[in-house]
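Per-chain residue numbering starts at 1, and chain names A, B, C and D are given in the order in which the chains are listed.
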Amino acid sequence: MHAANIAAHPRAALAMVYDIHAPSAGEVGDAHGVKVADSPETVFSSGDVDAVLIATATPTHADYIEAAVAAGKPVLCEKPIDLSLARVNACAEKVADKGVPVQIGFNRRFDPGHRAARDAVVAGEIGELHQVIITSRDPGMPPRAYYEEAGGLFRDMVIHDFDLARFMLGEEPTQVFAVGGRLIDPALMDELDDYDTSMVIVRTASGKQCHINTSRTSTFGYDQRVELLGETGMVQSLNRKPTEVRKFGASAVERAEPYLEFFIERYREAFDAEVDAFVDALENGTPVQASFEDGRRALILAEAAMLSAREGRFVSVDEVK
Amino acid sequence: MHAANIAAHPRAALAMVYDIHAPSAGEVGDAHGVKVADSPETVFSSGDVDAVLIATATPTHADYIEAAVAAGKPVLCEKPIDLSLARVNACAEKVADKGVPVQIGFNRRFDPGHRAARDAVVAGEIGELHQVIITSRDPGMPPRAYYEEAGGLFRDMVIHDFDLARFMLGEEPTQVFAVGGRLIDPALMDELDDYDTSMVIVRTASGKQCHINTSRTSTFGYDQRVELLGETGMVQSLNRKPTEVRKFGASAVERAEPYLEFFIERYREAFDAEVDAFVDALENGTPVQASFEDGRRALILAEAAMLSAREGRFVSVDEVK
Amino acid sequence: MHAANIAAHPRAALAMVYDIHAPSAGEVGDAHGVKVADSPETVFSSGDVDAVLIATATPTHADYIEAAVAAGKPVLCEKPIDLSLARVNACAEKVADKGVPVQIGFNRRFDPGHRAARDAVVAGEIGELHQVIITSRDPGMPPRAYYEEAGGLFRDMVIHDFDLARFMLGEEPTQVFAVGGRLIDPALMDELDDYDTSMVIVRTASGKQCHINTSRTSTFGYDQRVELLGETGMVQSLNRKPTEVRKFGASAVERAEPYLEFFIERYREAFDAEVDAFVDALENGTPVQASFEDGRRALILAEAAMLSAREGRFVSVDEVK
Amino acid sequence: MHAANIAAHPRAALAMVYDIHAPSAGEVGDAHGVKVADSPETVFSSGDVDAVLIATATPTHADYIEAAVAAGKPVLCEKPIDLSLARVNACAEKVADKGVPVQIGFNRRFDPGHRAARDAVVAGEIGELHQVIITSRDPGMPPRAYYEEAGGLFRDMVIHDFDLARFMLGEEPTQVFAVGGRLIDPALMDELDDYDTSMVIVRTASGKQCHINTSRTSTFGYDQRVELLGETGMVQSLNRKPTEVRKFGASAVERAEPYLEFFIERYREAFDAEVDAFVDALENGTPVQASFEDGRRALILAEAAMLSAREGRFVSVDEVK
């Protein structure tokens, strides 16, 4: 998906591709008529490459970020940076102060709807922000193999919402409370010691409140909503439908098709805007809009949530930093 | 329904009831603890009666209006005044200049939504009004006996929409085009020489355009909508649902319950407001808001529509006046 | 309001009224043409009174419930039963096993929309219930005097939502986490040691999750929503608008009027249904639908929330029982 | 726009471009790295060209269609074929029976929403179709020069809706009634003997009814809606918004951004689907989905509407064929 996005993007060009599974790389390279690198190093050292997009398995992210930054190549890396906060902190030290932009793939910040909602707050349209409610439900349970690598619900899925929470709140969360549930597939979740359903409350130093509810299954499409309550009004960024068709009959009215199924469809514009923002940062030397530090902060919140879910208490972000 | 409405209305009291079918009158009288008159004359001559509401069979309306006005009793009469324009014109002569208020039961003018839509136009919220679109679909076909008395689709059902069109347009229609269809029960409509489906276009002297579409059947509830397009915006008054419940599942999202079924539920507030306005007129001597002349004008438009549907041409309102 | 509701209700009649402020009682008595009692005891001992509705100041509720039950009069009492759980428990002992119905005024259970949402769950329309999200925001801050009597945000306002949570969950919450905020009027809230904004998470023994967000101010009308997520679908009961008018212009489309302002308008049908259900219980000897125990349970949850907000931890309901 | 669409389309490639204004062609050719033809003939005779898309000035359409077909090149041509029905009929004779596909650019048929609405009818979801209501309002008045070439409201703008009407009705209209208005810029419309606002009623042989309302100005975005009423239900294809953001404040709730501004945004997917369908026809030899005959039929309806608006009568389609 990322290769196709870059190839089709008006401000970017696909230079080469690499994949640990060589046939996959070959297919993508052929499809877009670009060179297939035989190793990551080939990519990092190539003069034809202005920047790299890392969408490999999570355990490789930090290594590749370090290698790319060492080679002076700006990076757009999929979240999470790593499942280990210690590894992320070590990586942070290596990439800091190198002047090489690193952007993390928190696509939801770039969604035109979510962005417009945040813009309305910044523009003062709802006065001081009081409450943020984020709904984040995937259309269905991923295959078992996925869970085994993903690092658990909070670091895999809710991490997106923690980033979105920080983006919407406009200030740093200081405390996290989380409840994890095993409601969809209790046996599997017990076995993996993971959750399929969760509720979170986050609070900032100034007292702003944020709630996140998450589920691994939403039969009616990808459920991705943000609600912002302020002293003078409210803004919502709601789900998107494939068309604006409405049906009316004896049993129901105003029936619409299920929501756009998953992130590729739902956040299509967001992926383009993400690349756009990355190109902006490279061309103008402006800061990236979802930085390495944003990636680190979201992981800290996920860690805090895991601790909170385990211990049943409001966890201070400082405890896990 | 009307007796119960008046009995429950905070500004009106039910004094007595009359019905040609004595047992019905008896039942209603008992239910509300009021006297049952043995003839219409008893009502018109009673000192206990300040005003009369006429909801009898259509052919009796004009006679009763004349009798009530002669007795100095203000009248709130159900539409239509009569199926014959000649009879209406004769009645008009008798009730004119008597100083006795006569209000016609065009309840839709009093619906809070339709009223707010019209108010927005009057307040200049959409600039000069250009187009009015009225959708008016009954939930189902009435029994055969009803058709035989009703005077045809245009005089029975669309007459309400003609009144609403005049109310919304804020000026007098000068030309009418109508198409009648036999789509729901062609055999019955052929036999009765009537229509179950229609489309109308009305134009005013200043060029404003109004479309009315009508059907005797709408399986999803009573379909009652008004759309007003102006030079700077648009206002819609849409259908009403019993609750704001929405359902989401694998086959559809945002499903709502069918719309309020029929006029008693849909226009409940309108019936109250209609009585309110009538009491206002009586107490303050202000003009009624749906006058005898409004009733006559709506009938003229219905007659023009019938002529148009027959002859397939734009009929001037002057032809049938 | 309650006197007028009962007077207008088709299945109830107003027999007499009492108010500690005699002129108020006089006014209401005059308005409805009923006797004004000179003391609560007169009401409880009157042969004309089949049942009593208690809508007095909170500290009098428990005493009056006890007196009414002792006199064999069924009671419909406004929430909360008392601000002290000890007092409620004492009252519970006195009214238990007397066979005299006591219904608590949790009107939201009777709202047609909320009720239809719950019915959909019971009917299996969304499979097993996983998450409940309740939004509950009052249109504006009450006067200072109100706060001083109200017992704090959780016992005054969120108690309604705790009852609704129990109603929607269909099983007993076992743990409560709450955050209180001072965002609207921090100075006043500091002074009163109260909150104007809150977020709550509740969990049941089977792992169901419920979130409640509350604010003392919602500039766009009374914000009262319930969302129920199940394994196969979702149901929402959304806010109600005065009309279905929508406005469209150069700066925005589909604009609607602010939501119904407050509980008297928003829950009008609910108040009627509440009285209806009470009459049902009296006439048929069936259990009341919002019982004394429901009132006690909601207070326990409010107490647990207060403790949680103070101590920043997931509080077990057993701790405060 | 068309060149960029084809260049970006996964199933098409831009081979060369021609424009009577050479610098424009040069720019587009450079942008896409393709050859710029020095004459239309170069295009028609080129072995590199599998098919041509004609988006030149209307008076050239018929000539180019004839030339392309003579050269055996399939054609996708913008509407209208020509403003003169005689010229269209002459062209029809030349291109008939040549086995060279000619598709007309009626993009609305390919809109996913409109298409899904039609599909629902075909699938029997609303039973027998009774009424079609098409709303078609451009966001603003075009420049004066545009009007002078456009051939009048009915042949320029409503022609799209006539095609959509035929597509939705699923059978041939037999009669047309139209009213033209001069409400937005009466002076200009008088001078040009044109209309800026119209209402149309179309009827088919089986009695189906279709209403089209049109305006040259809709301040709230491009207003493009279709409503289909059938014996058992209704389907609507409604306007599209840039995002699903909703705003709530003291003066209004559920405010959304204005609708997508104009055809390039609103019908973006439709343009892609149109090219897709054209490629399908070429690759599989199946009939095109908006044929030359469809273009001719829409023009006949536009002519009938012009005659109707002039003479104030229901015009039979046979009169202008």
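The rule is short, and it goes like this: contacts are C-beta pairs under 8 Å (C-beta built on N, C-alpha and C of every residue); 3 or more make two chains touch, one makes a residue touch a chain.
Predicted, not measured: the structure shown is a model, and the values here were computed from it.
Asker: Determine which of the two chain pairs, B-D or A-B, is joined by the larger number of C-beta pairs in contact.
Answerer: B-D
Asker: Among all other chains, pick the one whose mean CA position is farthest from the mean CA position of subunit D.
Answerer: In terms of C-alpha centroids, the chain at the greatest distance from subunit D is C.
Asker: From the mean C-alpha coordinate of subunit A to that of subunit B, what's the distance rounded to whole Å?
Answerer: Chain centres of subunit A and subunit B, defined by C-alpha means, are spaced 57 Å apart.
Asker: Take the average of all CA coordinates in subunit B, do the same for subunit D, and state the distance between these two points in whole angstrom.
Answerer: 40
Asker: Give me the residues of subunit D that touch two or more other chains.
Answerer: 219-220, 232-234, 239, 247-250, 257
Asker: So in the complex, the part of subunit A that touches subunit B is made up of which residues?
Answerer: Residues in contact with subunit B: 219-221, 239, 241, 247-259.
Asker: Tell me, which parts of subunit A touch subunit C in their complex?
Answerer: 128, 130-131, 133, 135, 137, 175, 177, 179, 181-184, 197-199, 201, 203, 207-209, 211, 213, 215, 217-220, 223, 229, 231-234, 312-314
Asker: Using the touch rule from the top, collect the residues of subunit C that touch subunit B in their complex.
Answerer: Touching subunit B from subunit C are residues 8, 112-113, 116-117, 120, 125-126, 232-240, 242-250, 257.
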